[in-house]
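Next come the structures, one after another.
In the two complexes below, subunit A is the common chain; its partner is subunit B in one and subunit C in the other.
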Partner chain A sequence: MYLRHTPEKIIERHALTINAAKTCQPIGAMYAALGVHNCLPHSHGSQGCCAYHRSSLTRHYNDPIMATTSSFSEGSSVFGGMSNLNEAIKNIFTLYNPDIIAVHTTCLSEVIGDDLGQIIKNAYQEGRVPPGKVVMHTNTPSFKGSHITGFSNMVTSFVSYMTKKSGKPNGCINIIPSFIEPSDMTEIKRLLTEMGIKFIMLPDTSDVVNGPMDGKFHMFPKGGTTKEQIISMGDSSLTIGLGQIGAEAAPKLLNSKFKVPMELSDLPIGLKATDEFVNLLHEKCGIAVPETLELERGQLLDAMIDKNQYVSGRKVSIVGDPDIVLGMCQFCVENDMKVIHAVSGTPTSEAWEARLREICGPQAVVKTGERADMFYLHQLIKNERPDLLMGNTYAKGIARDEDIPLIRIGYPIYDRMGQQYMPVTGYRGGMRLFCKVLETLMDRQDRDCREEDLEFIM
Partner chain B sequence: MPFDPNEFKEEALEAYTSKITKKRSRQIVVNKREPDEVVPEILANSRTIPGILTMRGCCYAGCKGVVLGPTRDILQIVHGAIGCSFYAWNTRRNKTRPTSPEDQNFMPYMFSTDLQEDEIVFGGEKKLLAAAEEAYSIFHPRAIALFSTCPVGLIGDDVHKVARELEEAHPGLNAFAFSCEGYKGVSQSAGHHIANNKLMMKVIGISEKAKPGKFRFNILGEYNIGGDAFEMERLADKMGLTIQCTLSGNSCYDEMTAAQTADLNVVMCHRSINYVAEMMETKFGIPWFKVEFIGADATSMAFRKIAEYFEDEELKARVEKVIAEEMVEVEKARAEAYEICKGKTVALFVGGSRAHHYQNLFKELGMNVVAAGYEFAHRDDYEGRKVIPSILVDADSRNIEQIAVHPDEAQFHPRKTPEEMEKLRKEGISFDDYKGMMNDMPANTLIIDDLNHHELEKLIEKYHPDIIAAGIKEKYVVQKQGIPMKQLHSYDYSGPYAGYKGAVNFYKEISRLLTQTPFKLAKAPWQEHPELTGSFVYNDGGR
Partner chain C sequence: MCAVSYTGGVNNMFEVLEARKKQVFINGQDDFEVSCNKASTAGAVSQRACVFCGSRVVLYPIADAIHVIHGPIGCAAYTWDLRGSSSSGPELHRMCFSTDIRENEVIYGGEKKLYAVLCELIDKYKPNGAFVYGTCIVGLIGDDMDAVCRRVSEEKGIPVLSVHSEGFKGTKKDGYRAACDALFKLIGTDDTTPVSKDSINILGDFNLAGETWLIENYYKRMGVEVVATITGDGRIGQLRRAHRASLNVVQCSGSMIHLAEMMKEKYGIPFIRVSYFGIEDMTQALYDVAERMEDKSIVEKTRAIVQHDVPELLRKLEPYKQALQGKTAAAYVGGSFKAFSLVKALRHLGMETVVVGSQTGTKEDYDYLKSITVPGTVILDDTNPLELSKFILEKGAELLIGGVKERPIAYKMGIGFVDHNHERKEPLACYEGMLNFAQEVYTSLMSPVWKYSPARIRAAQLRDRSELFEEKENPERESDIHTKIAAAAGGQK
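Take a look at the complex of A and B:
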């Protein structure tokens, strides 16, 4: 057995996390900053943080992930990292010349108490920031939240540093997604475009971390929300946050600071959640839903009805990031599948957990936050076996040991291709997800059934 | 050589501020001009400049990730926020093969105290102790290692005290801690040293559970990435040699604790493990010499040296027999690959020894190394150990603990008499030495320490090597430009590349990279001929 020491008996732990179902804030901040055009993420801490985050994101996206570091030494850890950051700012503008440097903190710079706001203010005053350029920061102490909150913090800081209100409406709505794939950002943008809605999406990592092979390396690829767009977000008529945990803070700030009305929606994963998102756009923007979307919706529904027998009643365990976990649970439930475990290492809230329980039903074990880890999930699975497991690459040990098919969702996916190009959101993403689930379960049936039961028409 | 490497250097430095230019000009050197000339001095193991896109990682990565990570039954708890443990979880591809289904193997697990804000404020020692107790009760390890991450050193948690408390609470448990906070030193290298020290103090030499065998040695600095250590084990077995312990690829605790019973240490990755080699010689009287198992010819040479050391004719004959057997397949594969690879150029920027070792394999393929450099090595890895006395100890190095070891009263016994050692030296075995990478490289090649993104770009612009070997962060920067890139940390999830089977794998892999079809499809047909010449079939409706 691969995870040979995981006992069936669930032992309560109070201090030890084993096989985490989350990672730390700064990587989320780095990912969010990559979704801004001509922006270079900068990690204010030891070199290792930046190296680990870049490596992890590179493994997930199979694309260059560029980010710099303050390269703290023991001296900077004692005397503070101000001079390191000042030097970094100078070198970054000299060598790489981005429009924006997006600094995030690490546990190290947080513990020593570097006041990034002040350091950056001084940098502006002392003329270290060339005219027209932006240096901004977010606080992402790794001992709080997770990569999801880090992502949300960086998005919120873009707003707080850069957004303005001119008073002249820009004719757009703001879309703030949770930590999702560039493919999903593209799909959500397509839904909006189909509806004829003008929008600003922040961040937008499509065409950045899933760039094409064109024979050149682009330090700052084509995609990403532009500086002008971020500035203009205060003039939008509405902000929609997509994801209750990872997309709440920035819409709230846009609302409190610029009085931009906000709606907080779930990620449009599956038919019902996409319906809700489309309906929200329909109601708020006063736009009829185009036939093209009704066609996509009808096709997804058709597929769901046609093959319901193969998914109905199947038990599913889901582990990952909360907004995606919730979306997957809704998708499973609308297909009559039974979610028995939903686990996320990212801290959520009692209300959020209660809502998830309501969605999944009383049979589901729901746990989030500290020690809601894959070791715990594995123990749950040893006690009640699902037919299907949904989770990131690290769930594959459980899948192998327990012989349960795994569908990869969330972050990180180091061992498969596709998530960065093909969405799980919207009706088309729903179709892809449904077909994936179907194919996985049908492959199992073909593999496991008796010879005389091998079906050629399914 | 397509042009003068000095031109590269000049142009690369042009973009920098004067302060950076001053530093980088000492880290970019053009190798010796004449074969017998002394190699030039290089600046290494020096701080990375903030804001420069670097390949380097941290002290913790060197300690936990590199040295301790590959061993399977020391339960390793990372004390800190969740990320440090998460990123070190199954990402380095150190394979391990437990000897039975009951054998302990903790490598599939990551353990963390997942420090929260409260613990940062009020101290995390209690949580660390509680976490270790929980781990002990679930996993029943015989050894527990605790690793400090950045905040731990700053909030003042005494991880060593926690280790002592664990030992007091559980007689028979070996618990030890590493003060390997990420900010220490200038790279992973500091972490190697810290790991080496603790292994000497707490693990090596505490048992006598020697493996049986007549010719017993340890391999130091081999981490079994992609199964390299398996290949060495296979060959050693065939030759009748016994590997008592590998530090630390495919190793287990028992093997490590009795490493002092071996009669020879051979060193693979000089950078990460030379401290243990030296200390074991002082403490136990075990001689060491440097070997390379990367490259088929280097592998033969390494095993010949080992046989030479043991001064046994039967062993020597067996070694020759195995080499002859193994080389049949190697030569066949090499001949095939040679036709594809010969004359092609390569640049390697990786690690603290790999940039050197892998030149063996590229040379066997007839390829030319145009530039090479390490990520975290010291001057001795470039210029040879003879420069050690002249290396200035700066503030960053001074902070890394130096431990003094003395001959162990009970366990010290010189394996060879001074006369025997002298005789072996004369026969060509250089004990206690590493001649460094630069001495193995031709004149006019570029040596670049701690290569950064700007210099990599410049290198591609100027040299356009046929292959670049580096790590995951560089992988797609290179490949987007149409140049095949070989990862030499993770081997791109293949391997092994050590020994004979490894050489065959590598030849095939490099041939594949140089001939793969998709690279040739970069341009679409309309991009080849962008001029619009067709008739307006579409516009006039086909009429």
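Take a look at the complex of A and C:
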């Protein structure tokens, strides 16, 4: 047994984290920066950070992930990393020539106390940044928050560094998603396009980390929010943040700095949340919901009704990033499944936890933040067994030991394919998710039922 | 002197950075010493990692110890079950234990939390030992890890070793060194268990896909006792008596040579450097060990093994060689020893290496690489994706051998790939491994999916490069080869 040491009795831990259900800020920042066109993420710290983040993202997306590093040495950690960053800026523009260098810090440079704002300002003043190019930064101390925080921080910094208000409306709304897959970004863009709404999505990793095989290695793939789009976000009529935890900060900043009105919505996972998103668009943009979306919605609802008996009452444990966990819980509840555990290593708020409890009902154990890890979840599962587990690759250990089917959601997924191409958001994503859940549960039923109960018509 | 100029390449947009020119060498054309063992240029997309990474990969396979990462969660999360180092028993090494340092510890120090974590862990998991890894932040906030480890070790009665692997303190190589220093503290603490006079330690094999077991089996057949495998399927108990072996056999010289040197100095144990990869190197390794044993019959037994295994292997390799003859490869790996073996192994498959590089090679290593590669071969130290892809294109390599970050680059360019790093799924060491290697090279290079790859289609159209992308003219011959390979593969199983 892979996790043979997990006891059934839930032990008190005061310090130890075992098998974490989160990772550190910088990787989220790197992922967000990849969603900007011609932008090169830059890790201001030791080489290892950058190498680990690139390896991890590469394993998840099976695509080349480009990022540079300040390559700190012992000297840099004594004297500060300024000269490394200056050298890096020079080399990056010479060698790779991106439009934007998006610097994120690491625990190392945070604790040393490098003032990146000042270093970058000086780099501009001293002419190290070629005309028309952008160098910007965000602070991502690894000892606070999680990869979700890092993602949100980077998105917010793009706004604070680059966005302007010309006063002339651009006819767009801003869409700021939480840390989601490129496939989901594509699906959300499709919903907006179906409704005929002009929008700017920041970031947009579609066509960047799920690029096609075209026989070439592209340092900067086709996709990503463009520099011009980011600049123009101050002229949009509305910002919608999708995800209460990972997509709150940037809309707030756009609101406070440029008076762009904001709405904070859940990720459109499942029927109800997608309805809410579509209704919000309908209300705010004054656009009727097109027939194509009505059709997709109707089909999803039809499927949910057709096979409800096979999912109804099934117990589910969910682990992952808060916004996705909440979306999945919502999806399960609307299909009459019972969420018994919802765990996220990412710190949230009491209000957020309370809301999740309200969605899931009193039977659910909800825990986020410190020591809300896979070990804890495993102990919960040993005490109450779910029919289905939702989580990332690392939940596989629990799934195998306890013989519970696993549907992979969230980050990282190193051991399956598809998340980067096929969405779980919107009505179509909801259909895919529903079919996936259904198939998983039905496969189990076919495998486990008595022979006389084997059904051919399900 | 620095004669690096690139003209006429496919990808002319890219110039090698001035600071890197001494790390790019074209065999037969350039005449300078490859500059190496230096920190990466700031701002390059380096494929390298840090000190912590070096320590973590070396010690990771010690399976009956707990491995605690003292730092923010990331360092633990990215090295959780980081490679397929199999264990024949306990699997504590596969867990992800972290002190998950938060702001509070950054301000007030993390010693208390580390102490609490170690106590909680040792009480719960009852390990035979513990390794505590320092990360960047620990180096800065100045936690006295040694003191905490000493205290816990006394209180709990097991060795608790601190590994000074603060990420910024150098390159991955310094991490190997820190790991060796930690291991060295364990060695010599058990003087009672009997050990044969014809005995060795295996250093620097990590039991990826069970390779250590294959290697051990050869030594068993030769009549040589393996005292400790040090890292691959490693155990605390084995390590403690490792000082009583008569010879240290070091693979992956980059990571373990420091330990071998310290053991030589303190315990007088000689060491040799070997590689178990490829036919020549594997054979050489076995003979080198045999010749250093007291019992002279061991050489005889070794000869018998080689005489039995090698012809059989060559026979099985033949169809692969027929299919792969004349194809070209690029290899970019961590340690340079691996690069040497790869060049030779590929030659057994009828393939030439046209681009080769390592993250951590030394001057001697690169000199040796110059001597075994053909003129025109590009030799790279600490390269980056743009450079690598440029030379792959220029040299027309059809296969890349590398690690996780190189894989998608190869695939996007439309060339084959073999993982010779953490993510190998089949053992590549020993004679068995050579056959697996051939199979992997063949599977990747000859897959029908490449027929749909734009790069391959273009290459097929560009007949001027026909010798590089040779299409088999005679379909009968090709199908014949497929049959032979299927038969060889079947025969192996």
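A few comments on the model shown:
Heads up, the rule we're going with is that the second predicted complex is superposed on the first by the 458 of 458 C-alpha atoms of A that agree within 3 Å, B and C clash if a C-alpha of one lies under 4 Å from a C-alpha of the other, contacts with A are read in each partner's own complex, and residues count from 1 in each chain.
Simple rule for what comes next: a residue touches a chain if its C-beta (ideal position, glycine included) is under 8 Å from a C-beta of that chain, and two chains touch if they have at least 3 such contacts.
Predicted model, so just to flag it, every value in this text is computed and none were measured.
Partners subunit B and subunit C, brought together by superposition on subunit A, clash. Looking at the shared chain after the overlay, A:58 reaches both subunit B and subunit C.
By the touch criterion defined above, A:45 reaches both subunit B and subunit C.
When the two structures are aligned on the shared chain, A:112 is found in touch with subunit B and with subunit C. In the superposition on chain A, contact is made by A:76 with both subunit B and subunit C. By the touch criterion stated above, A:90 is placed in contact with subunit B and with subunit C alike.
Touched by subunit B in one complex and by subunit C in the other are residues 2, 4-5, 7, 11, 13-20, 22-24, 26-27, 42, 45-49, 51-56, 58-59, 62-74, 76-77, 84-85, 87-92, 94-96, 106-108, 111-112, 141-144, 146, 211, 213-218, 345, 370, 394 of subunit A.
Within the complex, the subunit C residues that touch subunit A are 14-15, 17, 19, 39-53, 71-81, 91-92, 94-103, 105-106, 113-114, 116-117, 120-121, 124-125, 135-137, 139-141, 167-171, 385-386, 389, 404-405, 407-409, 411-414, 453-456, 458.
Within the complex formed with subunit B, the residues of subunit A that make contact are 1-5, 7, 11, 13-20, 22-24, 26-27, 42, 45-49, 51-56, 58-59, 62-77, 84-85, 87-92, 94-96, 106-108, 110-112, 141-144, 146, 211, 213-218, 345, 370-371, 375, 394, 397, 414. Those residues of subunit A that touch subunit C in the shared complex are 2, 4-5, 7, 11, 13-20, 22-27, 42, 45-56, 58-59, 61-74, 76-77, 84-85, 87-92, 94-96, 106-108, 111-112, 141-144, 146, 211, 213-219, 345, 370, 394. Here subunit B touches subunit A in the complex through residues 15-17, 20, 47-61, 77, 80-87, 89-91, 101, 104-106, 108-117, 119-120, 127-128, 130-135, 137-139, 149-151, 153-155, 181-187, 395-396, 399, 453-454, 457, 471-473, 475-482, 522-523, going by the rule given at the top.
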